[in-house]
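To start, the structure itself, in structure tokens.
The letters A, B, C, D, E, F, G and H name the chains in turn, as written, and every chain counts its residues from 1.
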Amino acid sequence: MNKGVLEKLLAAVASGEMTVSDATDSLRHFDFEDIGFASIDHHRSLRKGFPETIFGQDKTADQVIGIMEKLAEHEPVVMVTRLDADKADRVCRRFSDANYHPESRILIKSKGEIPVTGKGEVLVMCAGTSDIPVAQEAYLTSVAMGNRTSQIRDVGVAGIHRLFVHREAMEKASVIIVAAGMEGALPSVVAGLVNRPIIGLPTSVGYGTSFSGLTALFAMLNSCASNVSVVNIDNGFGAGCVASTINHLSL
Amino acid sequence: MNKGVLEKLLAAVASGEMTVSDATDSLRHFDFEDIGFASIDHHRSLRKGFPETIFGQDKTADQVIGIMEKLAEHEPVVMVTRLDADKADRVCRRFSDANYHPESRILIKSKGEIPVTGKGEVLVMCAGTSDIPVAQEAYLTSVAMGNRTSQIRDVGVAGIHRLFVHREAMEKASVIIVAAGMEGALPSVVAGLVNRPIIGLPTSVGYGTSFSGLTALFAMLNSCASNVSVVNIDNGFGAGCVASTINHLSL
Amino acid sequence: MNKGVLEKLLAAVASGEMTVSDATDSLRHFDFEDIGFASIDHHRSLRKGFPETIFGQDKTADQVIGIMEKLAEHEPVVMVTRLDADKADRVCRRFSDANYHPESRILIKSKGEIPVTGKGEVLVMCAGTSDIPVAQEAYLTSVAMGNRTSQIRDVGVAGIHRLFVHREAMEKASVIIVAAGMEGALPSVVAGLVNRPIIGLPTSVGYGTSFSGLTALFAMLNSCASNVSVVNIDNGFGAGCVASTINHLSL
Amino acid sequence: MNKGVLEKLLAAVASGEMTVSDATDSLRHFDFEDIGFASIDHHRSLRKGFPETIFGQDKTADQVIGIMEKLAEHEPVVMVTRLDADKADRVCRRFSDANYHPESRILIKSKGEIPVTGKGEVLVMCAGTSDIPVAQEAYLTSVAMGNRTSQIRDVGVAGIHRLFVHREAMEKASVIIVAAGMEGALPSVVAGLVNRPIIGLPTSVGYGTSFSGLTALFAMLNSCASNVSVVNIDNGFGAGCVASTINHLSL
Amino acid sequence: MNKGVLEKLLAAVASGEMTVSDATDSLRHFDFEDIGFASIDHHRSLRKGFPETIFGQDKTADQVIGIMEKLAEHEPVVMVTRLDADKADRVCRRFSDANYHPESRILIKSKGEIPVTGKGEVLVMCAGTSDIPVAQEAYLTSVAMGNRTSQIRDVGVAGIHRLFVHREAMEKASVIIVAAGMEGALPSVVAGLVNRPIIGLPTSVGYGTSFSGLTALFAMLNSCASNVSVVNIDNGFGAGCVASTINHLSL
Amino acid sequence: MNKGVLEKLLAAVASGEMTVSDATDSLRHFDFEDIGFASIDHHRSLRKGFPETIFGQDKTADQVIGIMEKLAEHEPVVMVTRLDADKADRVCRRFSDANYHPESRILIKSKGEIPVTGKGEVLVMCAGTSDIPVAQEAYLTSVAMGNRTSQIRDVGVAGIHRLFVHREAMEKASVIIVAAGMEGALPSVVAGLVNRPIIGLPTSVGYGTSFSGLTALFAMLNSCASNVSVVNIDNGFGAGCVASTINHLSL
Amino acid sequence: MNKGVLEKLLAAVASGEMTVSDATDSLRHFDFEDIGFASIDHHRSLRKGFPETIFGQDKTADQVIGIMEKLAEHEPVVMVTRLDADKADRVCRRFSDANYHPESRILIKSKGEIPVTGKGEVLVMCAGTSDIPVAQEAYLTSVAMGNRTSQIRDVGVAGIHRLFVHREAMEKASVIIVAAGMEGALPSVVAGLVNRPIIGLPTSVGYGTSFSGLTALFAMLNSCASNVSVVNIDNGFGAGCVASTINHLSL
Amino acid sequence: MNKGVLEKLLAAVASGEMTVSDATDSLRHFDFEDIGFASIDHHRSLRKGFPETIFGQDKTADQVIGIMEKLAEHEPVVMVTRLDADKADRVCRRFSDANYHPESRILIKSKGEIPVTGKGEVLVMCAGTSDIPVAQEAYLTSVAMGNRTSQIRDVGVAGIHRLFVHREAMEKASVIIVAAGMEGALPSVVAGLVNRPIIGLPTSVGYGTSFSGLTALFAMLNSCASNVSVVNIDNGFGAGCVASTINHLSL
């Protein structure tokens, strides 16, 4: 309920159209968001192309399809994350405009091209080939949220010279997501090279003392470079969201 | 060595002023950054007001003063973090334009006002009064790096209504740093309210299973809101740097 | 054996109705609880509707049926927790009055309606849809133990306004169980809103640094609200028991 | 702003005493709690004797005195936790009705006797003499919040027979707080003896694999008794609050 | 090489049958155990009935059979631990005097009754029904090593009175193994009741913060009773060996 | 109260010497241990020389002296563990027959020689010189409890040959306590050499990944030798108690 | 681009064959490695016999075959690690000169005998039979990299005398890899016996507090011998590489 | 007992000077090391310049002086590690040829120059200025053990270009020790640049999730470069020993 609605209600009281008692009840039953944070939804409608996202992991294909049908009435883009191939198969048969990306287990349903609304470019880098599925989740999330997005693969720190051939791509980006497992050192190195917000994306790649990604996570949190922040292990979706939020800022 | 310098050298070869052999030697001794990443320093000079930062913790007052004297020749702003009060006292006696902030143990030396170069506004929020020193480190870092910065204190999730009176401040900000110890829940709540990049800043406040900030850190990494990224425990300086980097983007 | 019974026995000895030898034997064979803690079982018989509970996880269907047959002679309500669907199927064929709840893997066998013996109302809230199975285990436990029980689902802290529409339900409850995984922040927020005993129920929902529920558990233990206590991860049964014990107090 | 205030405002609009514009502004500036959760403060005023609590650890004596002076205008009881002896000394010189308990580092300032408002009795038990300071924090918190409170000390599980002489005290209580460090087994044993809500209060007593209380905490969370819930390590204040909240329920 | 062999060699030197040089070489190539610790094997042959033990987990049925065939030439008793049922099936078809215990996955092959060589009695207690497989491994190990062994099941600390009916059995034993998962409190209680060496045997029974037996292990290591020592989680075999070693001492 | 006492009481009732009321009261006031576990104290009085032990760490010198005065009325030997030198100084001035051992911070007060009641010999070995204080705590505990006790120092596994010169001492012992920090390997090696109960005593000696003794503890729990059980880190007192309990068995 | 190429370019500028502008552009586009670290690849070609290694775990058989076909054009030896038997089967059908080692899941394709290029001998020891697969991975890696390599199996510290019969083999080696799980003590013992670089190779063999190899790893890092360094858990390949690198040094 | 002694004894038997019985007894009492591993000490005397090392941490100045006096009779070089400045002061007053290095707390006493016996060169690199004390411990250890040793400081991965100016130094070294705290990434990068054995030396530099060096340690163990092995946190002495052992190999 915005200011206009509130004035109308009060005017109705002033004019006698509405009794004091009825008005009291109406105001008493305001949902919270009617008062102050209606802006939340308003913002969402302004962010054209921002997809509704469904966490597919614990849902049946039928549940996913049901939610998608409802969302698709209003949303041009709908994204499902962590969706197994067999469920995706059923979803794709239902929606002809759905595309499934098996590597990263993401499904994107889009009415036509996803319009680019982000202002700069998001770059997704990853250290090893095993990090690609997580990096890909970040990449597709960024794309689905309306960002020009590029990616660089296989630039591990043990062959540091491979990194330098990509310096232009790094300098062109507004935000860089750096996915790495094992020792998780790549974000530090990249953050030392370019003055951009670097989003460290630790992956669970490794064995033994990689602790399913904890070592990479902690290494990134301890980066000696000061422009690195971090998301949860294997959280490609989150990294893509943070990057997209930054890339949509009005600065 | 920028492009201009390179052209001059080559022109000298072309004109015979310099022998091929001498030019070869000169080029052989290029530091790496002269060839490709000169942009790093170039960028730095473009970021007016971006202070050189000294980690004061393991240094003597004399060492800090020595480094500051050298830096002050070229840099208008110099910042020292984690500087104890007694060392700060000696430094302040040496530099009349140095100011020490005992709460956050930061010292800032600035020739005149620090010019605002960031484009939007950085907001630093913190959950409890015990989180203030860390939040303050983030605040002062952001200010010293040329950002309009404001702050909100004492808005813990157990009294959630206190948070809502600050909705305008939250919506006005470009980037929000949220410092919290103990259960570390505030970043999730804030991130659900406004569509901005939220930088979770876990603090070591708490006891028992707070594990010196680990619980807050892990809670933030597990945020059910998708626009949260995180820095190391008590790393107010890092949070300020990430926020400033975002706030200086050209979007 | 209470004081009266003891006096009777001694009087029988005094009057010669009972020999010293027989009395000695009687007293020697007191179970411990006959002396002091007979109240334990006595209490149990007073708590009508309080079900005997079988932990189904490591038992065969035959074992479960066997125990149930024995318990059903005396107990109107028997509950089995963590029972797989296939075992439940066999149990339900044996007992026509058994109902299986596949989501929470609980089976309840009840002769007629379970009478409400608790005095107030237990409310079970949960943060996300993935927390529902654990929340449901708490809900059914509470119901089976004779409590009026209601539930609220999907009120995560990242969309805090959804929580406020339930304020009446929260204020009406005597005890509130709050199930949450990931960052486990919901109990803190709820505990700040209502002055009731809040039982934090961490769930193993999440990945990476959720550590199978540890982060949620630790966050709840660090709640900045002071009316929160906590049970083990995924221990819906325990949360229901604690809530029921509180709700059956004579205050 | 309660219903009455709201009706008055609307009546003023209806009668023309207040313009629609002014009323709109008034309503727009409602704090959140005026609309829906005013009940929070209302509740607090109903809980006579419920003390405002100051966490003394990170505050100076002057800060503590300042806050106490402000609170003392309205509150008959003010409690300060984790207050060092030297600070307490200064506070006691300022407030003649303040009492300091050095063992548990709690200071209570009360205008006259603290009235008993809780309905039953809170019992605080502890396993070893080293657990007494934490148990005492729980005890004094419970007393200060208006509960009849008793305590039992030194009933460790390695001398289990010492526990049984206290059976009457255990059965008389409405809520039992059980403090234990090291292996943390006492809450399980007590919970098996009496059908009351047991609040496990792990202490940091021990060495080596006691991990500063973690082992006791985890043992309590794994209690094979189902009526145990737990608070953070050394959190005597929290245990007292939970017990008091239960003991003030209207059942 | 025992003393006799050594004397013969030296006699050969004395008699000139062997040159000094050859004798030097022979002595130089003594295996270590020939000199000093031949007693190790000597001891083993004195411990009649002490079975050779095969860790079955990572071996094929053929490998197990092969080792058993070799051992059976000299050893009256051969034991295989952690042997799956299907492998055990094949082994039992090969050796008619082999018995498999599926609950604890132990196979014992014995030529006739295993003679009792231990001096006192080993008692194996366990807290819950889920701890039985591990307790059974300890029980069968103790039996196979020639100890009179008895067992008591299902005496968890939450129903402490059940423990007391077994006081005679506890006092009769020379060594007591106490298996417990979850909070691991039983060894402390038992150790407080009887003055015997108590071997804590933590099991991986539990979920959440039981950490697959770590909580039980740590609780036992923190026992407030001083006559408790501990073996690895689920190490029933080790507990049985330690108990047997104690029970075979010559005191 | 044994059967005889009970019969006498009942006979007195039967004969009219005692009224039913008095007998009821007598029986009602039985402590638990009067019924079944009086043996506990009886055992203690049989174990001549077994000292009462005071954990000195958290007690003042006055408290220690007070408890000692009370114990000294009945006990020939009183032991205080973890007693700081300054407190010990005061205690020694009060009791002329008290001896303080500063290395292990143990004080023993004994009326004359401590009689040897243990049957065999306890051997305490330690790996490095830094482990001596903990080993010494075990040694003195064993001595104070009436065991012939010897010790071997500085036989770390990195110089394994130093171990072998002590083979006779090892074979002569009934029980061996092996203290080791860092990698904690010594108990495994010793346990492979002699067929005795080995009590692993991990110490907090080391740095980095020694984790204050955790690595040594875990290494000992994983011993590939099967006659090793373990006590808590730095728990020399516990190791001494377990060894003494074994060494006092009637086998 | 080496010095010669650089001189040619400059000469072309000097002679006017190349414009200053074109030369500037050429130099600007140097890959980093052209300037300084071309030596990296050069080195590789000098290390004849050093195999290219493919991490087989996350790749399909087709992917492995594809990469091998490409590598085999230039490399005489190609090694694949962590390759499952079914994939290996397909690879072996494609390359007639490929050999698969199922125990360690390594496949080696070699054109003829692998020439020995290492200078001394690498020795691989392992503590228990369960450690063999990891030890074998180290052994085959060392062989494939051109080292004379021998191995010793089953010399656990609990039967320390078995170790001493291998003293000659230990003293003959240049580098010793010691694989051990459980308590991980073997490297310390070996390092105390011979003055060689010892590479500790922890394996995930064990259960309970072996923590999948962490205990062995930490024990090795805490070795009281000073000539031990360590690789990741189960990283036989890494241990082999380190040993080979040492064994190829020019000293 | 070396071969010569053995021959003499046997000759005495052959000649009848010694009876068979006496010879048998003599041989029976051989210390182990007399038979086989006398080579250990022999080796030590061959390694001229290898200092005896005293761990100074837990010793008094008097104890250190005492041990040094004894060692100095035979050893030209004696090294003391982790020696506090005040103790060092006393030691230096006693030995005029002792030098104390306060940064790394190492004291070296050497009769004249330490001769270089190592074959190649050891290089010690460190990432940040805070890592210098640990790196210095490695450096001085290497020097004291007779190795040509050089060092490079302050080449953190966030300014990767600083690393490349040192490429010649890296390629010239035989072994490289790389000290790093925080994210511990430097060893991976260096190992990717040069084909030498890299010894990762994690330091406890950092805060929060650096976990006192654990994150650096784990990162190094997870290095994507295969020529890295690792020592314990802050174990500069160990790193120096491993490097020296490698550098003294006869290859």
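Just so it is clear, a contact is a pair of C-beta atoms (placed from the backbone, for glycine too) under 8 Å apart; a residue touches a chain by one contact, two chains touch by 3 or more.
As the structure is a prediction and not an experimental result, all values here were calculated from the model.
S.K.: Which chain lies the greatest distance away from subunit H when centres are computed from Cα atoms alone?
M.R.: Computed centres place C farthest from subunit H.
S.K.: With chain centres defined as mean CA positions, report which chain is farthest from subunit G.
M.R.: That would be chain D.
S.K.: Between subunit D and subunit G, tell me the centre distance in angstrom, where each centre is the average of that chain's C-alpha atoms.
M.R.: Computed value for the inter-centroid distance: 61 Å.
S.K.: Quick one: subunit B and subunit G, Cα centre-to-centre, how many Å?
M.R.: Taking the mean C-alpha position of each chain, the two centres sit 41 Å apart.
S.K.: Nearest whole angstrom, what separates the Cα centre of subunit E from the Cα centre of subunit F?
M.R.: Once rounded, the distance between the two centres reads 25 Å.
S.K.: Which residues belonging to subunit F are in contact with no fewer than two other chains?
M.R.: Residue numbers touching two or more other chains: 32, 36-37, 40, 164, 193, 208-210, 214, 217, 221-222, 232, 235.
S.K.: Which chains touch, pair by pair?
M.R.: A-B, A-C, A-D, A-G, A-H, B-C, B-D, B-G, B-H, C-D, C-E, C-F, D-E, D-F, E-F, E-G, E-H, F-G, F-H, G-H
S.K.: Can you name the residues of subunit F that touch subunit C in the complex?
M.R.: 3, 6-7, 10-11, 13-14, 16, 20-21, 23-24, 27-28, 30, 32, 35-36
S.K.: Given the complex with subunit G, which residues does subunit E contribute to the contact?
M.R.: 31-33, 37, 40, 55, 58, 202, 204, 212-214, 217, 232-235
S.K.: Taking the complex as given, what residues does subunit C use to touch subunit A?
M.R.: 129-130, 161, 164-165, 207-210
S.K.: Which subunit A residues qualify as touching subunit H in the complex?
M.R.: It is residues 127-128, 156-160, 182-185, 188-189, 191-193, 206, 208-211, 214-225 of subunit A that touch subunit H.
S.K.: Help me check something: in the complex, which residues belonging to subunit A touch subunit B?
M.R.: 36-37, 39-40, 43-44, 47, 53, 119-120, 164, 167, 171, 174-175, 193-197, 199, 217, 221-222, 226-233, 235, 237-239, 241-242, 245-247, 249-251
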